[in-house]
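Naming follows writing order (A, B and C), and every chain is counted from residue 1.
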Amino acid sequence: MTAATKTIQGNFFEDFHLGETIRHAVPRTVTEGDTALYTSLYGSRFPLNASDAAAREMGYAAAPLDDVLTFHIVFGKTVPDISLNAIANLGYACGIFHQPVYPGDTLSTESEVIGLKQNSNGKTGTVYVRSTGRNQRGETVLSYVRWVMVRKRLPHSAAPERHIPNLPEAVAVADLAPPRDVSYARYDTGLTAQPYLFEDFEPGERIDHVDGMTIEESEHQMATRLFHNTARVHFNQFYEKDGRFGRRIVYGGHIISIARSLMFNGLGNAIAVLAINGGKHTNPSFAGDTIFAWSEIVSKHDLPGRTDAGALRVRTVATKDRPCGDFPDRGEDGKYDPSVVLDLDVTLLMPRRAG
Amino acid sequence: MTAATKTIQGNFFEDFHLGETIRHAVPRTVTEGDTALYTSLYGSRFPLNASDAAAREMGYAAAPLDDVLTFHIVFGKTVPDISLNAIANLGYACGIFHQPVYPGDTLSTESEVIGLKQNSNGKTGTVYVRSTGRNQRGETVLSYVRWVMVRKRLPHSAAPERHIPNLPEAVAVADLAPPRDVSYARYDTGLTAQPYLFEDFEPGERIDHVDGMTIEESEHQMATRLFHNTARVHFNQFYEKDGRFGRRIVYGGHIISIARSLMFNGLGNAIAVLAINGGKHTNPSFAGDTIFAWSEIVSKHDLPGRTDAGALRVRTVATKDRPCGDFPDRGEDGKYDPSVVLDLDVTLLMPRRAG
Amino acid sequence: MTAATKTIQGNFFEDFHLGETIRHAVPRTVTEGDTALYTSLYGSRFPLNASDAAAREMGYAAAPLDDVLTFHIVFGKTVPDISLNAIANLGYACGIFHQPVYPGDTLSTESEVIGLKQNSNGKTGTVYVRSTGRNQRGETVLSYVRWVMVRKRLPHSAAPERHIPNLPEAVAVADLAPPRDVSYARYDTGLTAQPYLFEDFEPGERIDHVDGMTIEESEHQMATRLFHNTARVHFNQFYEKDGRFGRRIVYGGHIISIARSLMFNGLGNAIAVLAINGGKHTNPSFAGDTIFAWSEIVSKHDLPGRTDAGALRVRTVATKDRPCGDFPDRGEDGKYDPSVVLDLDVTLLMPRRAG
C-alpha cells in the first residue's frame, strides 16, 4: 500500500458516470457561531437573519441562516468530490431554497451526475451535477445544478457518451418554495429603515448599491474554511505563487456573499433568496480587490397563494475596483467589462405593502 | 424614479432637526458567536464575560456580553443615519450601561437629535445625538451622547438654530446603574490571578498596561462589520487609496476595545463598565499600528446602597507604536503627544474586599 | 506603590518552586462560537466535532470540542504564569484527554511545578509543569506536561535543587481514557467518505497529507487570542520588528492545529485525540508560511475492554513551504530538514471495522 492511496486526490473527468449519486463528506451542524462569523466576514444586515425577534414576529422559529451561507455550506461539501481537479466553475442553475435552515440543524450534501461532455481537446470535460443539501431530518433545504470543467486523468481515455442536461433559464415561479407557516403581512420596514417593498420595483429598474468592500487574504480563507471548501487555490500560496495568477484565488462564493451583502443598500427588504437562477464568475478576484455591485430588476411575480409577498427576479453584477454608478456590464459584443467578476441571477422574496 | 433614490446616502447636516427621533436599522440578536469573535479579535479576559460559571456565582443569569461589545453594537446601528457623511467623530458623553446584555437578547437603537451647531465655514456642522440601545423587552441597556461633524449638502442652505446641549463632565454617581440582583461580596480574585480590589487603588495612581497589540486590516474590518457599522472609510480601499491617508481608517471603537482588553493587566478586577464619561479619538489608527495603553485613577466612589463594589473613574490613554511606561499624554500646551490615539474616560465597577 | 507593581510581568526562573501549585486565570466557557471560529481558522472537518447528529449517533451528548481546541484553551491560561518570560517551549509529554468537552463547559487550569533545572550559563533554567484542565464540575478534561526554558531575573541568584521528572516516551495504553458510554461500533465511514479504519493501518506506514495551508498574520493572532494566550511575541510587531526574527512568531499550537486539520486527508476516521505523547516545535513559523504535513503510523493498540475502536500512535511532521511527498524528516545526524517546523507524537482513536 503506497502513501498516496489513502488520501483524497479528487475525481477526474473519467471518474464521473451519468446517473451516479455521490454522498459527500462531512455533515455539519450550523450554529449561531456560523451566523456571527458570516456577519463578521460580510457585514450582512438582512433583519430576518440578524434578529430572532424580527424572525419570530414573522412566524419563523428563530432567525434562520442567511440563505447564501446555507448555499456555501451545502456547496463546500461537494468540492472534494466534484471540483478538486476543476479548471473552471462554469455555471449554476436551478437553485431552489426549499426551507429555512436554523442554528442546530445538521446539513449534508449528495450530488447526482446529470450531464457529461468531453471537450474537443480531449484533455478536459464538463461535468453537470445536481447537488442536494438536506437537514438532519432528511428534508431537502437546497438543491442546485452546477457544471464545472474537470481535467481528464489520461488524455487518451475514452470519452463518455455526451449528455447535456436541459436547464431552464430560470427557476419557474411554480417551483419556488417560499417559507410556509410564516407571514410577511405585518412586515415592518422600520427594521431596515428602507420603505421600498414589492410594489415599488419595476422590471428594468437598476440600482447602484453604492458601497464597496475590500477583500483581505485571511477573510476569504476563513470564509472558505468555514464552508468546509477544500479547493487548494484558495489556501496554498506556496503552489499559487507559481500558478496562473501568482496568488491565491478568492472562492467565487465569497464574491456572491459580498454582493448579497452590498445589495442591502437598495434592496434591504428583499429578505430571503428563493432561487439562484444562474451565475457566472466572469473574472477571478484576489485579496486587495474592492468589490462593488449593482442590480437590475428582471421581472416581478406573484407567489401562488400568497398575498403577503412577491418574487423579484434580480440580476446582480459585481465588479472589482470599479464603482457601479454607471452599471458596468456586458457589451453588445457579449464581452463583459473587464471589471465585472460576477453575473448572478437570483429570485428574491420581498414583502408586499399591507393591503 | 432614478437608481440612486432607493439607496442610503446618509444624512447631511441640513437633514437633522432638533428634537427629532431616528429609529435605526437593523435589530440584531447577540449570541455566543459574537462573544467568541470578540474574544478572538481583542483577547479580552474579564472573567465576568469569559465564564458562565463565574458570572452565575455572582448572580448573573450567564456571562453577559462585554460592555464595550454592547456599545459597539448599539453604536453601529447609528452610523448609516448619523455619521455616514461625518468628517469627524468629535466626542462621547453621558454613556450609561443600564443593565447586562445576554446572548439571545435582540438589540435595537434609537437616537434623538439634542444639539445642532453650524460651523463658521458654512460647509459643516456639529450634530449631537443621544442614542439609546434597547433589548427585545424594550428595556434600555445603554444610552450615550455622541457628537459628530457632518458635511452640509449645500453650502448655502440656511443654518438651523444653534443649540448646544449642556453635557456633564462625567456621569454622576447617582446616575450609575450597577447590576441589581447580583453580588460581588464573594468575588474571587483567583479568577484573574490579580489581588487588587477597589480598596487598593488611589486617585492619581497610574498604571502602564504593558502589553501591546498590532492591528491587522482584516481584524478591524471583521470587527466593524460584526457591529453592523457601515462607515465606508473602514472597508473601501479603492476610495481610501485616494483619501486623506491613502488607506483604510480603523474604526475608533476598535481602539477602545483594544485598550479595554489591555487594561486587564493591572485592572483585571474592574469587571464591568458602568459609564463612558467621555472619549476622544485624538489620531487615526491604521493596520500595522501597535496599540499600547495606560490608565490613571481619576476618582473613587461608593455606589449608593452597595457594600460589595465601588466605582473607579479611570482615564485610559491609548497610543500607537509607543510603549506607555512613561505615560505619554497631553502636554501643558494642551497638545497630545503625537502617539496618542485615544483619550477615554470611563467609570468601572470593581468589587470591594470582603469586610 | 509604583505603577509597575499591579501588572503581570510573568514569572522568572527563581519564582518557581518544586511542588508548588499555580492556579491560572481566567476560567472560560467554551461555546459553539469557539467551534465555528476553530473551523474558520483551521478548516477542521472531523465529523465528531462538526456534526451534532453524528456525535449523538455515537452516544455523545452533542458534538464535543475538537480535542486540540481544548488543548489550546487549557494551555493558554498557563502562559501568563509559566511562559511569559520563556525563551523556548521545549517539549510536551503525558498529554491525556480524559473526557469530552462540550459547548457550555467552563474550563480552568492549574499547574504543578514538577521539575527545575538551572542551565550551566546561570542565566536561564528549565521549568517542568504538569498542567491540568478541569470543567465546571471539577472533573479533569486534560492533563499534560510541558517544559520551557525561562529567563532568570538575576544571573547570580542561587540555583534551585535540580530535579528532572521521569517522563515516559509515550502515554501507556492503560492510561488512555477513551470516552465511556459511547460506541463506535456502528461508525459510518460515509461521514468522511474515507473507508480506512483501524484495521487498515500498519506500523511504519507513511501518509502524505497532500494539502497545504498558508498562514496569515490576523489568523494566528485571532486564534491565539481566542485561546487567551498572551505571549507577546505573537501580537506585538512594534517589539518584534527589533526581535530575533523581525516579525511576530506564530503560536506553536497554531501549527499543531493546522497539522491536525491537514491530517483529515488520509486519517479522516481518526476522530479523536487520546494522547499527546510528545511534541517539538523545531523551527518558528511566520505569516506567509505554507504548512504541509505527513504522518507515520508508529504503533497500533487495542483499547482495554473495547472492541469498537483501537488506538493508533501516530507521528506527524509539519513543514513550511515544502510539500511532504518525500516525507522530509530528521536526518541520520539527528538534524531536522530545515523545512520541518513540528514533530508531534499523538495517539488517536480510530473506529474498528464492525465484526
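Following the convention adopted for this analysis, a residue touches a chain if its C-beta (ideal position, glycine included) is under 8 Å from a C-beta of that chain, and two chains touch if they have at least 3 such contacts.
Since the model is a prediction, treat every value here as computed from it, not as a measurement.
Although chain A and chain B carry the same sequence, what matters here is overlap: shared residue numbers make up under half of all numbers found at their interface. A turn of 120° superposes the CA atoms of chain A on those of chain C, with the angle given to the nearest 5. Chain centres here are Cα means. That of chain A falls 36 Å from that of chain B. Residue positions 31-34, 36-37, 216-218 of chain A each touch two or more of the other chains.
By the touch rule above, chain C contacts chain A in their complex via residues 31-37, 39-43, 45-47, 50-54, 63, 190-194, 196, 200, 202, 205-214, 216-219, 265-268, 288, 290, 292, 294, 321, 323, 325, 327. Chain B meets chain A in the complex at residues 1, 3-4, 6-9, 23-29, 31-34, 36-37, 80-81, 103-104, 106, 136, 216-218, 221-226, 228, 230, 232, 235-239, 248.
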